[in-house]
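Input: one structure, supplied below.
Should a chain be cited, it is by its letter among A, B, C and D, assigned in written order, with residues numbered from 1 in that chain.
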Amino acid sequence: MTSISGRHFLQIPGPTNVPERVLRAIDSATIDHRGPEFQKLGQEVLSGLKHVFKTKAPVVIFPASGTGAWEAALVNTLSPDDRVLMVETGHFATLWHSMAKKLGLAPEFISGDWRHGVDLVTVEARLAADKSHSIKAVCVVHNETSTGVTSRIGEVRKAIDRAHHPALYMVDTISSLASIDYRHDEWGVDVTVAGSQKGLMLPPGLSFNAVSDKALAAAKTSKLPKSYWSWEEMLGPNKNGFFPYTPATNLLYGLRASLNMLLEEGLDNVFKRHDRHAEATRRAVRAWGLEILCLNPAEYSSSLTAVLIPQGHSEADFRKVVLDNFNMSLGQGLGKVAGKVFRIGHLGDFNDLMLIGTLAGVEMGLELAGVPHKKRGVAMAMEYLTEGASKSKPAVKLNAA
Amino acid sequence: MTSISGRHFLQIPGPTNVPERVLRAIDSATIDHRGPEFQKLGQEVLSGLKHVFKTKAPVVIFPASGTGAWEAALVNTLSPDDRVLMVETGHFATLWHSMAKKLGLAPEFISGDWRHGVDLVTVEARLAADKSHSIKAVCVVHNETSTGVTSRIGEVRKAIDRAHHPALYMVDTISSLASIDYRHDEWGVDVTVAGSQKGLMLPPGLSFNAVSDKALAAAKTSKLPKSYWSWEEMLGPNKNGFFPYTPATNLLYGLRASLNMLLEEGLDNVFKRHDRHAEATRRAVRAWGLEILCLNPAEYSSSLTAVLIPQGHSEADFRKVVLDNFNMSLGQGLGKVAGKVFRIGHLGDFNDLMLIGTLAGVEMGLELAGVPHKKRGVAMAMEYLTEGASKSKPAVKLNAA
Amino acid sequence: MTSISGRHFLQIPGPTNVPERVLRAIDSATIDHRGPEFQKLGQEVLSGLKHVFKTKAPVVIFPASGTGAWEAALVNTLSPDDRVLMVETGHFATLWHSMAKKLGLAPEFISGDWRHGVDLVTVEARLAADKSHSIKAVCVVHNETSTGVTSRIGEVRKAIDRAHHPALYMVDTISSLASIDYRHDEWGVDVTVAGSQKGLMLPPGLSFNAVSDKALAAAKTSKLPKSYWSWEEMLGPNKNGFFPYTPATNLLYGLRASLNMLLEEGLDNVFKRHDRHAEATRRAVRAWGLEILCLNPAEYSSSLTAVLIPQGHSEADFRKVVLDNFNMSLGQGLGKVAGKVFRIGHLGDFNDLMLIGTLAGVEMGLELAGVPHKKRGVAMAMEYLTEGASKSKPAVKLNAA
Amino acid sequence: MTSISGRHFLQIPGPTNVPERVLRAIDSATIDHRGPEFQKLGQEVLSGLKHVFKTKAPVVIFPASGTGAWEAALVNTLSPDDRVLMVETGHFATLWHSMAKKLGLAPEFISGDWRHGVDLVTVEARLAADKSHSIKAVCVVHNETSTGVTSRIGEVRKAIDRAHHPALYMVDTISSLASIDYRHDEWGVDVTVAGSQKGLMLPPGLSFNAVSDKALAAAKTSKLPKSYWSWEEMLGPNKNGFFPYTPATNLLYGLRASLNMLLEEGLDNVFKRHDRHAEATRRAVRAWGLEILCLNPAEYSSSLTAVLIPQGHSEADFRKVVLDNFNMSLGQGLGKVAGKVFRIGHLGDFNDLMLIGTLAGVEMGLELAGVPHKKRGVAMAMEYLTEGASKSKPAVKLNAA
């Protein structure tokens, strides 16, 4: 790792800054994954996850990146050439769509401008038009990590219902879970996809599927080949806290710690904190005179903010200046917005002063990189944070060793 | 974790005892997986792995358990209904065979007695009989973790060659790599499958495919659906030290540390150490009057020893006595030998006194559990270790902070 | 640190093997030693220590080695040229005596053969003869780390009482506290001296004085210069959990963890465990045909066993053979027994299999070093441990992250 | 520790934010302090420290807080009733003076206003007046942690020389070493006192004396009682990398890591970084309209800035607001300036964005606490940092595991 003085500011929209408590938990001796001590760990994390997904359904844990959980959602429920309705909200939606094609599905991709979330009207219309119910699943991304735009998952559910369409509903919450309010059960989601390295504050290496009864039923007839990702093989041993193949034990230690931290802070407080930091960031962006990629305030992301770099300037150069001078990593533009935006992650284990440090790094970086801007961004963020500070005062909680 | 006094003896045949140095490396802040510091890490581990696999071919790293690397080997190279020749050496060979069926392949399974390695004559005969070359791959397990029996991988290669058969050759080295000599290039293996949690001394969560040119060529025409496991998507970014999706960064920190440790000890010394501990273990087993599952001395495993429990006695009860009284985990019998054997892992980060502690736990456990045995096992192992000690004296190496 | 494979066996009689849980606790961000979070920590450890010393009196914590706590005991209570009765039980008693001289006291040293504990009759006679009560303190070592001999602290108290002598009673428990039963209040000790790196299972760097009312009263008139070691300056801030100068915060994190571990195991179980391992060790020593330094079975130490090396053999060479071949550190002979004994530490975070590994390292080392011995030491220890195993079965306790 | 989200900002002027790399080094198994591996560690840190003190003289390491190293400096060199010239630069100079009295010395205390460093003229005059050379030592504090005022150590040396006075020259560098340029040899200092928890970026628990030949000579005739602190006992074993009593092994692991980090960054770069952050902080303070305690710009501290709280406002309340709302610890006013100042630590493992976070916490805290101020402090600091950024660009260095 670098010997640059001080803490690195990891302000990409994930992986996020892993708290010491989680890192220390991971730094424990690996145990027998078939023994009684592991069983207790397994039961604890499998149960604790339900709280975070707001579900009573099983949550499956894969030793894999989030990309693996995308694949698991598809291969467990679908069959070759199945039609899937997907929505182009950004780079990750596009990658999921590509994956669906590679896996032999027939995805339909509702195009988008990467500045809005899922268009409810189009989805409803498309489903309503599918009289034969040949569309087997609707797949959307809750929070587009490439754009900082959220989609209204509960509203999409209503659109599907209005179309009286039986398609499975699958949602990627990789960069929203445990940062932005999400309700697997209430919103009638069939498969929720998530990963460890964002709001769950873990290193990458775990991913998740929350699975509804309807999805489980679909799995029984699904014909895409599956083995590693098979829910069926997972759910049996999971009932007793075990796994069908060697689990990523040490990351599960970290998961136990992070679930405890979320419980201690309270999910609602976690969401409020993310909302507040996101709003402070947007005020800074506006003060700089820069443009937020997300056009609809109702769809602003509380996890990250993507900012358009003024034309004629290079976001890569800008980010390099920030990294070299201020020891901070920002997110690059991806896919269609490559070269056009940089992204500020403000999710995970984060607080007001880390945010101000982050925004200061952006503001000073803009200056050093010669990107035209006004200077009052940090000041505006501070003003906003100060106003809200007393209302959002964190409760101190203590942790025995 | 338990508060039982002293170190737990994790003597299942993997996950193995993770060295402090590896745990501490993992306990580092997660970094930007698209930044220059990660790039150096990526290049270092991708290159260092080749040394361990004894190959010049690329080694692909998956954020997944070893089971995932099995799947990757199959889905990258094969097409639905392809015939695959597999050999029933034990439980893990059986699981791999089941996976092949689940993935839509048509595996043929040469039956075995779980006490021998791959039978060379049968393999050669079977391939010679396949005049049409409809068999696309031969899949074997180098070291059967369920039985403590190795197969002679170089000899299998020769058998394939004698049959003039073009099938791909795939080898599972999950519990042999970095413990028992293995030579991807010299032995003409096309896909080598490995995992992090055995000889590499890491927690579970990483797995590997070493991939020959012939395997890469096969990947171009393979029709099994693939995305997460796709070599093609991996190899592009890997050239620059990057990955197509978020890698398990912190486990890669651990991998860097473990590769350095293997380099410092020297692979040949590592193999000798494992051979020596395995021989000491077998001498103990014989002294106890118990039977080693592996029948052919040329196929003894240096990673683990599976021991038959005398009839009328429960291996589960025995292992529970050992765990409850001596804070040691032993491996259970799996599959066809469930209830019939227990397994002693003696691989990974291990030394003479840990081995004696391990064997003492077995010997005292046999006594407490009322399993008939003679008592001179530990004494015989000590005698053997003492004889060989001066020859195998470890070199002290120092590690700067 | 060394890259020798496997865990080092640290079997000197302290520092002891620090449990992972303690190391991880120490590996936490340092906090403001004047803030509320520290206060809670301070209160917790200051209170928890009383349980371990079996006292209601205050226990003072110094950021210092045990040697510092010796000095603190003397400079807080005594004045230049004060007479102090000390007993030559071994090297550490001798060092404490040297220190007393250096500090300007007039210690009287009852000579000893380093193979027995404090002679009660001599102490009583010496005190009875001191009609003028010019002796201000009696200082003894509970467990002589250099010899493996304990003194009967409660009996010494009675001897002092029989002599109707008002001297302060000071006891060094550096290598006994939290390993061998010790009762500050019940035994009427005025100052108990202890350190972190033995039974408390911490790295070195903390030391302790438990201080009776009588000792506190003596401190008011003591004239030896003192500042860093001053109890008076400590006790004020300690009342609120704080310290008069910067405390060794991170070691206090470790102390909190170790106090919790001792509480979870139960002090009585901790003592029984040490007794059992000590007895097993002595049976091994006798089986080897070697001689235990301690001559009186009533004074055997449960923390360590000092063993005489047969004449004509070098204990230094023997220990080097053990270190080089078996990655184990044993204690050297110190002071008058330098070159004559080696010491086996069996205290702290320890268990049966670690003990057998330790004894095997000694037995195999004797063989390699050409030291005459019989071979049944390990076997005898195993026999003893097996007999007692079911009675001493450790309870599994679980620890949340 | 707290479960408040995000990193705590530990901006007291020490202990400082301990870097992960140091914490991880400390989190290693304790080793035999009499063995060959320890010897290498001992030699490495004892030698490496000389570079940081800029000396060829021995540097003694005590397992103790900085307060202990004060005591060591005095008791090793002086005799009861010796006259010592000390200068009241602030709270810590006052504590050192109190200690000298407690130890039986006869210190003379040149009074000061706590807003200036050592007055050269007064020191010279006082020494020149001491014709009999009854003053045995001049003791000053390089950087007053309570006031943020430095003294010009090289100039004090010249004043002593101009007075042709043979007194020993002792300097406390507890909060300057490895943060502000310091030159033990060049400045003719006889005893330099330092601690681990400031610029050396370690947890508290180690302290240091760099000792000139003249100081060593004085030690031979010094009559203050000494044992734990005795240089003589230290220097013998130190020659071989060992210590006369159990050293704080794990903190020495951390010291090795921190010495490597300082070497990698380069001491001159370390000093420039501290200067820059101090100047940025002062610009912020001035912009807020608040007053810096230090009155002489030539004596500004680069480690910390003490700021006067406007009359009628409570610095304690202010700091509580900052801690409760922003998870940041600031230094309180101590001694004569208790209630009048708060202190901002900007030393140790620190960088630009951490500084901006820190200053933002102060600025927002002032607002929330109702302390009158102007709002442009953070903005001014950012402007200054931006100007200097390209010149002070940190070099990336990489650290293998």
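Here is the rule we use: a residue touches a chain if its C-beta (ideal position, glycine included) is under 8 Å from a C-beta of that chain, and two chains touch if they have at least 3 such contacts.
Remember, it's a predicted structure, so these values are computed and weren't measured experimentally.
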Worksheet item: Tell me, which chains sit next to both chain A and chain D?
Response: B, C
Fill in: Interface residue identity across copies chain C, chain D - same or different by half
same
Worksheet entry | Length of the line joining the C-alpha centres of chain B and chain C, rounded to whole Å | 44
Fill in: Chain centre separation (chain C, chain D; CA means) in Å
34
Worksheet item: Whole-Å distance, chain A centre to chain C centre, using C-alpha means?
Response: 53
Practice prompt. Please list all residues of chain D that touch 2 or more other chains.
Written response: 1-2, 7, 17, 20-21, 24, 27-29, 36-37, 396, 398
Fill in: In the complex with chain B, residue positions of chain C that touch it
1-7, 9, 17, 20-21, 27, 261, 264-265, 270, 273, 324-328, 349-354, 356-358, 360-361, 363-364, 367-368, 375-376, 378-379, 382, 385-386, 389-390, 393-399
Fill in: Footprint of chain B on chain D - complex, ascending
20-21, 24-25, 27-29, 36-37, 40, 253-254, 256-257, 260, 396, 398, 400-401
Worksheet item: Once bound in the complex, which stretches of chain D touch chain C?
Response: 1-2, 7-8, 10, 12, 14-18, 23-24, 26-37, 62-68, 70-71, 75, 80, 98-99, 102-104, 195, 197, 203-205, 224-228, 230, 245-251, 323, 329, 332
